[in-house]
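Both of the next two complexes hold chain A, though its partner changes from chain B to chain C.
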Partner chain A sequence: MTPGFADPVADAQSCFRAVLEAMSRPGRVQSVRGVTAPAPLCDAAAAVLLTLVDHETPLWLDPAAEAARPWIAFHTGAPTDGASFAMALSLPDLDTLPTGTDEMPETSATVILQVTSLTTGPAYILDGPGLREPATLHVTGLPGDFASIWQRNHALFPRGIDLILCAGNTLTALPRSVSVKEA
Partner chain B sequence: MDNPRSARQRWMSVLARAETDRLRALLEDQAPLPEYTVLRGPEAGLVMVRGRAGGGGAAFNLGEMTVTRCTVRTETGLIGHAYVQGRDEKRAELAALTDALMLDPGRTDALERQVITPLECQQEQRKEERAAKAAATRVQFLAMQTMRT
Partner chain C sequence: MKGYNFAYLDEQTKRMIRRTLLKAVAIPGHQVPFGSREMPLPYGWGTGGIQVTAAILGATDVLKVIDQGADDTTNAVSIRRFFARTAGVATTTATADATVIQTRHRIPEKQLREDQIIVYQVPQPEPLFRLEPSRVETKRMHGLADYGLMHVKLYEDVSRFGQISISYDYPVMVNERYLMSPSPIPAFDNPKMDMMPALQLFGAGREKRIYAIPPWTRVKSLDFDDHPFRTINAPHPCGLCGATDSYLDEVVTDDKGGRLYVCSDTDHCAERRAAGHVGTDGFQAAAE
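Let's turn to the complex of A and B:
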C-alpha cells in the first residue's frame, strides 16, 4: 500500500485542471504529478482515480488491474455496484457500459483507459467542439478498429461514453462529442 | 477477547480516547519505534453521530462530531488506523502508529501491558469518578412517588 497524492488538495486540483483542459481541447496531452501509482496502474491513471472517483461514483475495475484494488478501495472508497467510471487496461466493450439517456446524458460512464504511449503509434485525426482545426493524436495501445468503435459511440450523441487516455504521467481525453478518423 | 476483531476494536477505542501527551510518553518507553509512512491524513472531517431513544428506539441523527483520522504503514508493512475525536492531528497519528504496532506479534504483549492497560485503567477511573459525581446529584423520583401514597 502506498500513499495517495503527496499534497491532497493542490495535486487533486491540478489533476482536475489537467482533465478539464484535456476534455475541452480533445487530444492535447496534459501531464499530472504528485502520485506514485500502485502496479499495474500508471501515475496518470492513479491520479485521475484519486481526483474523480469517490464513494458516490461506482467504479468498474478491469480484472487485469485487480492488484490495484486495495489501493483504489482505500483511497477512493468507491462502490463496485455499477460503472460511473471504468478503469481499464484494454478498451472494454463500450456497449456494456451505461451511455446515459437523452434526458440525462450525464449518467453515462467515463472510461479511464491506460495505454502504452500518447506520443507514438498510429495517428488519429480528431475533429469537433474545442478544436479550431482537426488535431492529430498518436496512441499506442488502442484496438485496431478503434476509429469505427468510436464513431459508433460518437453517433449516440448526446449520449455516449467519454474516454480519458493515460500513459505514464500524461493524459488526454476524447469526449463523446469528438469524431475520430484514422490518419 | 477471543475474536481478533473485537480485540482490535477494544484497543482502537482505548487509543482513540487517549490523551496526546500521555500516549507520547508511554510510546517513548517502547523505543526503538519503527519508521513509518503516513498513507492518509491526518485529516479532520465531520461524522454524523446517531442515537436511539432509550437505547432501543428508531435511529435518529444526534449531531455532527469533528473527527480526525489517520492511517500509517510501518516499515515492516503493518497498517494502523485511527479515528479520534477533535482536531488533534498528532493524537490521531500516534494512535494509528500504536494500532499498527499492536499488530506486530512480537510487540503486542509489551504494548498491551505498558500502554493499552494503563490507558484503559485511567479511562475507567475517570468514567467512575464522573459517574460518582453525577450519582451524587441524582433525584430519587421513586421516593417522591412513595411519599405521596
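Let's turn to the complex of A and C:
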C-alpha cells in the first residue's frame, strides 16, 4: 500500500487551497502535490480524498475504483453508509445522490470525478459567482449530455451537487451555483 | 511552536472547517453550521475568524489582522501574534503585502486583489435575528427566500425617520438569493463587497456559522427605488493625511469640544502620510 501525504499538514493545506481556489473561481485549473495515488485513482483525486474525507464523512466509492478501497479505508477511515462524498471514475446518476434541503442545502453530496484531461476535449462555457465574465473549460471524460445534466442540477439551487474534477495532478471544481453551456 | 499543531487547530478540526468553507463558497451567502471549537480567547474576540484563518493558512501566507481598520489595537496585535507563534507565518500591516487579511468590522480602503482572501469576524451571522428570534423560523425564511420582514423594517425606518437608519451591519442580498449580514462593517464599506476580486469568508464562533462570498459576486445593499442605498461620509477630511474619501474615526481630544477626525484604516493613512499628504492636524500630531 502506498503512503498518504508526504507532509500531511502542509500537503493537505496546499491541496485544500487548490480546491478552495477552484470552487471560488470555477473552471480555473489548479495543481496538487504530495501523494502517490493507488490504482486506479489519479494523484489529484487521492489528494482531495486525503484532504476532505475522514471518519465523519460517508463516502460512496465507484465499483470501478474498488481496487483503491483498502487505501482509502486505511488513510481516511470513511464509513460507507451514505454519500457526503462520492468518488467516481464516470459521472454517477446525480438523482441518486443527496442534494440537500431548501433549509439545509449544505447536506448535499460532493462528487469527486476523475476525468481524462482538464485541458483538452469538448469546451464548456461557465458562468456564475466567482467568474467576472464567462469562462471556458475543456474536459475529456464527461458524458455527451453533461451540459443538460448539469443544468438540471444547477436549477435546484440552493440545493444541488458540487463537483470536483480531477485529472492527473490537476483539478478544478464546478459548484452548484455555476451554469454550464456547451461551447 | 512546540506542543501545537501548525496554526493551533488539529487536522481533524481543520478538515471539518474546510468542508464547511467549500459548501459556503458553493452556496454564496448561506450560513453553514460548523463545529466551532473552544479557542484560547473568549467569544466576541474573533474566535470564528481565527478558526477560518487557521483552516486556510499555509506556511507561505502573509497575514494581516485589523480591528476596526487599525493594525495596532489589542485584538489585532494579539491575533497576529497568535498566528506568528503557532504557525510561524509572516505578518504585515501593509494591505498590499498580505495574502490573508482577518478583519473585525472594516474592509481596507485599498482595493483587494484576486490573490487575497479576506476573513471577517462575525458576532451575529443571522441578519433577521432582531426581527425574528426563532432560528427555526429564520432558517425557513432563508429556505423560502422570504425576506418581507426585512423590507418592512426598512420601510418603517423610512416612514419614521425619512431614511433607512442603519449605519453598520447593513443587510445585503448575495447573488440575488440570500439575505446576509455583512458583519458590523460600516455601511460605507458595503459597496466594496460587490464584485470584489478577493474571496470573502465569514466566521461566527459563538454562533457556529460560516458563510462566504466568492470573488466577482453581486452583493446588493437592500433599498427601495425611491430611497436608494447611499453611504454617509463624514463632512471632514482626515486630520492627519487629508484624505476625503476614507472612513473616519472621531477622536475626542479635550473636554472643550475638541475633535480630531482620522482615517480608521491606519495602513491607508500611514501610506498616504509617507507619500507626503498632510492634513490640517498633521504637523501638530507628528510633533507630539
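We take it that the second predicted complex is superposed on the first by the 183 of 183 C-alpha atoms of A that agree within 3 Å, B and C clash if a C-alpha of one lies under 4 Å from a C-alpha of the other, contacts with A are read in each partner's own complex, and residues count from 1 in each chain.
The working rule: a contact is a pair of C-beta atoms (placed from the backbone, for glycine too) under 8 Å apart; a residue touches a chain by one contact, two chains touch by 3 or more.
Computed from a predicted structure; not experimentally measured.
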Touched partner set for A:Gly4, first chain B, second chain C, both or neither: first
Contacts of A:Thr101 with chain B and chain C, given as first, second, both or neither: second
First (chain B), second (chain C), both or neither touched by A:Phe74: first
Partner chain in contact with A:Ser24 - chain B first, chain C second, else both or neither: second
Partner chain(s) touched by A:Pro129 [first = chain B, second = chain C, both, neither]: second
More chain A residues in contact [chain B versus chain C]: C
Footprint overlap on chain A, where chain B in one structure and chain C in the other make contact: 8
For the chain A and chain C complex, residues of the former touching the latter: 8-10, 12-14, 16-17, 19-20, 23-25, 51-52, 54, 56-57, 101-106, 110, 129-132, 157-158, 162, 175-177
Touching residues on chain A, where the partner in the complex is chain B: 1-4, 8, 74-75
List of chain C residues in touch with chain A within their complex: 5-6, 11-12, 14-16, 18-28, 30, 32-33, 55-59, 114, 139-140, 142-144, 175, 177-178, 195, 197, 199, 213-218
List of chain B residues in touch with chain A within their complex: 37-40, 43, 71, 73, 79
